[in-house]
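After this come two complexes, each holding chain A, first together with chain B and then together with chain C.
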Partner chain A sequence: MSESKIYCCREGITWVRDLERVVVVDSSSNRSWRLQGQEMELWELLNLGYTFPRAAALLSTVHSQTEAESTQAIERILAGWVETGLVQECQDG
Partner chain B sequence: MPDENIFLIRLSSRYLVYAPLHNLAALVDWAAACRLRDYLDGEKVALTPQLTELAAILSAPGDPAPSPKNGDFAPDFLGLLPTRACNFACRYCNFLDAETAGRSMSPALVRDSIEWYFDLLQRRGQASARIDFFGGEAFCAPETLDLAVILAEKRATETGLKVQFEAATNGAFSEERARWAADHIHTIVLSFDGPPEIQDRQRPYAGGQPSSAVVSRSATLLAGGMAELNFRSCVTLQTVERLPEIAEWFCQNFRPNGVCFEPVLPGEASIASGLEPPDPWAFATQFGRAARVLERYGVEPVYITAELSARRVSFCPVARDVAIVAPDGSINACYLLEKDWKLQGMDLRLGRMTPSGADLDWSAVESARRLNVTEKAACQRCFCRWHCAGGCHVHHRLPPAPGSYDRLCHQTRAITVRNILRALGRDELAAEWADSPTAMQESLLSRSDRLSDLEER
Partner chain C sequence: MANLSISAVCNQDCPYCFAREPWKEAGAPPFISPEAFEQQLDFLDRSGIDQVRLLGGEPTLHPRFSELVERVRRRGKKLLVFTNGLMPPNALDCLAALPVQDCTVLVNCNDPSPDGSPAHERRREVLRRLGPRGKPGFNIYRADFSLDFLRALVMESGCQPAIRLGLAHPILSNGNRWLHPNQYPAAGARIGQFARQAAGNAIRLELDCGFVRCMFSPRDLEALTASGAELGWHCNPILDVSPASQVIACYPLARIGSLPLGPLSEASALRTQFEQMTRPYRQVGIYAECPSCPFLRSGECPGGCLSAAIRRFRPGRFEVAVNSQIKRTGSSGY
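Right, the complex of A and B next:
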């Protein structure tokens, strides 16, 4: 469960907030990603220190989902970020 | 008879003609003022070439006077009051209310408010949305803020509307939150009274700890983002002489877009703390001196009721159909405490937010619309009427007689003259004016500023 895991950005990851998106750059590999919609929302909430349950509760109101549906969506997004190398599991915050 | 929106203000040996709806200001002498009045009164008088040009402009109709709202409910913006709670205990704050302080807006109320507002804008065919956050301290309910911003940005993307956010804050939050605000909030009004010894004395945390370090850090971070950052500094009898120094300190240490100086509002808390409002003429003088410092750094000095660019019938959300949603779901025309309106015999409740939208009491909306400067007898003959619009409907109550000016009127009138002279490019004269409280008093105690009332002076 994502709830029991801690994620952090991989080294070299920086980001900037544009009007409708967050642009994430990996300076070590010169790659970049545009996060929009729910991905952008989650990225910003986690950066503000939201826990997964709090983020899920908030996003469920935004997207008229149940908290379980929001939790599943968060887990999908996080798995994608791990796979593409934006974040990794870490021992502490 | 000359248009009732053409005014004449005596400045020692000169006279300032001011016609806000004609976008005109000019300096003339007494003889020219009389000839101009006579000409506009329909008399045949000989005019100099300069006066002919002036008379031609003033003879033509000016822009329409601002008028109160009518017709369908058309909010200038949506106000959200995330919480009445605050983490500060400002020594002059009369705004805290133990009964309502603990309550925050529920997620459902935030959603209902934003859905209703965007639906209304879409029905009205509007292209942009604006949401203002009031308090208490809005950032004491961060999840409410986050939810509101995310929801509104989502709705804006779905509907193709632009959305702008404005927030008033004390700036006591984390670095992450300051960066978030700098990236998301378009206009931030940061209450910041000045150097540490002033800020810490007047605006401590609720536990009494000093706040200057964290507010300074926030000010730096906020200035680095996209937000338009304005400081609001509360001025007391004890700090009024220090305004130029406070302005210098702000400019040397931060990069605000504007600095607004406001005299303390007398109330239970401020009186108990011994913090009194400054003498109005001293305030206007020191404001002028501080304004010169700010302008040297390219920072805009603001005294909200003396803004020449504003043409309005109400200087605040009241009468502009603004729906301010409180944590209890009530929709109000004003963000002040209900007990404050009631003390003045006013009811500014417009209705309630429900899951199916705003349930507005139409008679309350119409009653709020009537709270505008066209209904304020004291303002009828004042040259500031379309800029100041009579100020706060709750805290600035004037007797119903033209020209019955009070302390706040004196400040507004004096600073407005300064701003007009600046707009005319007469910086030296503006500075001379601001440095002379005696001249201000001699000039501004007239009960009518209308050119047509010249005989009465």
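Right, the complex of A and C next:
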């Protein structure tokens, strides 16, 4: 049985889409991140309200990947975001 | 530079006003006390600043305005007053008596058509009395503005042959009307057209902060240069000090935070603190295209007003359940 994880944005995070990148700022810590490529796309999809399966499906189409590959990529990106403090694992609700 | 706001009170209700909200939120007193004013002059002394820039609200409504001006004079500092021109007679008498080389009064003029002629007539009278101490200014907050009345005002009044143009920038608390950067090219074309007329009358245009290089066509830039305008694209927030001696980076950025003016405060140190607070946002311009712009890359243009750039940001709140569902939450932020 696989374990389900919930990730959420940290409080105070704001972001903006430039032509070829997304800039994310955490005003509480004065930190910022520049996201490009698949990270940028995932960030936008999550903020547009896409579900995990829909995001994975869309990214697999855009990048000619299998959905399993996209799923792995998303999990890898989320883990990286957790590591750098952009998102955190959180409780549902 | 630093602006001293000596009055939180104003007798106008300009839709683009960026000064109303910050002091209201900070609970500032209506007028600065002479003691606090002296402390702020000490701050300017410590910072090596020899020009006192008085703002409001409407600074000339301060009941002891002449006394404050006298205190500035005693320090041997030059005076720059930002006014809407609807000043009490005693304030006008005070300013009109100052040596021309020590005093500039920037009279902010709104378009007389919606404003009504009494206010316009008063500004004309004020500029006449001030003579070369006076200079009209105009804030652009919508794309369909007209500047023709300013040319007539300059020529009739005998004030400085110059017009200061400002772009209305957004305050982060959403409290004012401002010109959206999408409208900048249209505004740039109008300014260019006016610059050609102004140059014919030897009237110089001065551009305040937040203008960007790309809003002007090469032809309009040529016209601005011909009018004697010093072209520089900058966003260098000038410290604003409240009647309660709270300092903000500049009015539009007031929401970023304020710092108390202490007995040892010094302008460059305060500016450094505000720069640190705003640094993450500095990598973003007013347009999505800014990062790839050659003018930004060469350092010629900073990408416009920082406040307008920050207004592009949106809150990033979502929850994603891996292999399950993503849920968006919240909608607050700048």
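In this text, the second predicted complex is superposed on the first by the 89 of 93 C-alpha atoms of A that agree within 3 Å, B and C clash if a C-alpha of one lies under 4 Å from a C-alpha of the other, contacts with A are read in each partner's own complex, and residues count from 1 in each chain.
We take it that a contact is a pair of C-beta atoms (placed from the backbone, for glycine too) under 8 Å apart; a residue touches a chain by one contact, two chains touch by 3 or more.
All of these numbers come straight from a predicted model, not from anything done at the bench.
Enquirer: Once chain A of both complexes is superposed, is A:58 in touch with chain B (first), chain C (second), both, or neither?
Expert: Only chain B; A:58 stays clear of chain C.
Enquirer: May I ask you to decide whether A:31 touches chain B, chain C, both, or neither, giving the answer as first, second, both or neither?
Expert: second
Enquirer: Check whether chain B or chain C contacts more residues of chain A in the superposed model.
Expert: C
Enquirer: A:49 contacts which: chain B (first), chain C (second), both, neither?
Expert: Touch partners of A:49: chain B and chain C.
Enquirer: With the two complexes superposed on chain A, say which partner A:20 touches: chain B (first), chain C (second), both, or neither.
Expert: A:20 contacts both chain B and chain C.
Enquirer: When the two structures are overlaid on chain A, which partner does A:78 contact: first (chain B), second (chain C), both, or neither?
Expert: Once the two structures are laid over each other on A, A:78 reaches chain C alone.
Enquirer: State whether A:69 touches chain B only (first), chain C only (second), both chains, or neither.
Expert: In the superposition, A:69 contacts neither chain B nor chain C.
Enquirer: Looking at A:41 after the superposition, I want to know if it touches chain B, chain C, both of them or none. Which is it: first, second, both, neither?
Expert: The first partner, chain B, only.
Enquirer: Share the list of chain A residues that count as touching for chain B in one structure and for chain C in the other.
Expert: In chain A, residues 17, 20, 47-49 are touched by chain B and also by chain C.
Enquirer: What residues of chain A sit close enough to touch chain C in their complex?
Expert: 2, 4-9, 13-21, 23-27, 30-32, 34, 43, 46-53, 55, 71, 74-75, 78, 90, 92
Enquirer: Would you pull the chain B residues touching chain A in the complex into a rising list?
Expert: 107-108, 110-111, 142-143, 146-147, 150-151, 153-154, 157, 176-177, 180, 183-184
Enquirer: In their shared complex, at which residues does chain A touch chain B?
Expert: It comes out as residues 17, 20, 37, 41, 44-45, 47-49, 54, 57-58, 61-62.
Enquirer: Please name which positions on chain C make contact with chain A in the complex.
Expert: Touching chain A: residues 276-277, 279-281, 283-284, 288-292, 312-329, 333-334 of chain C.
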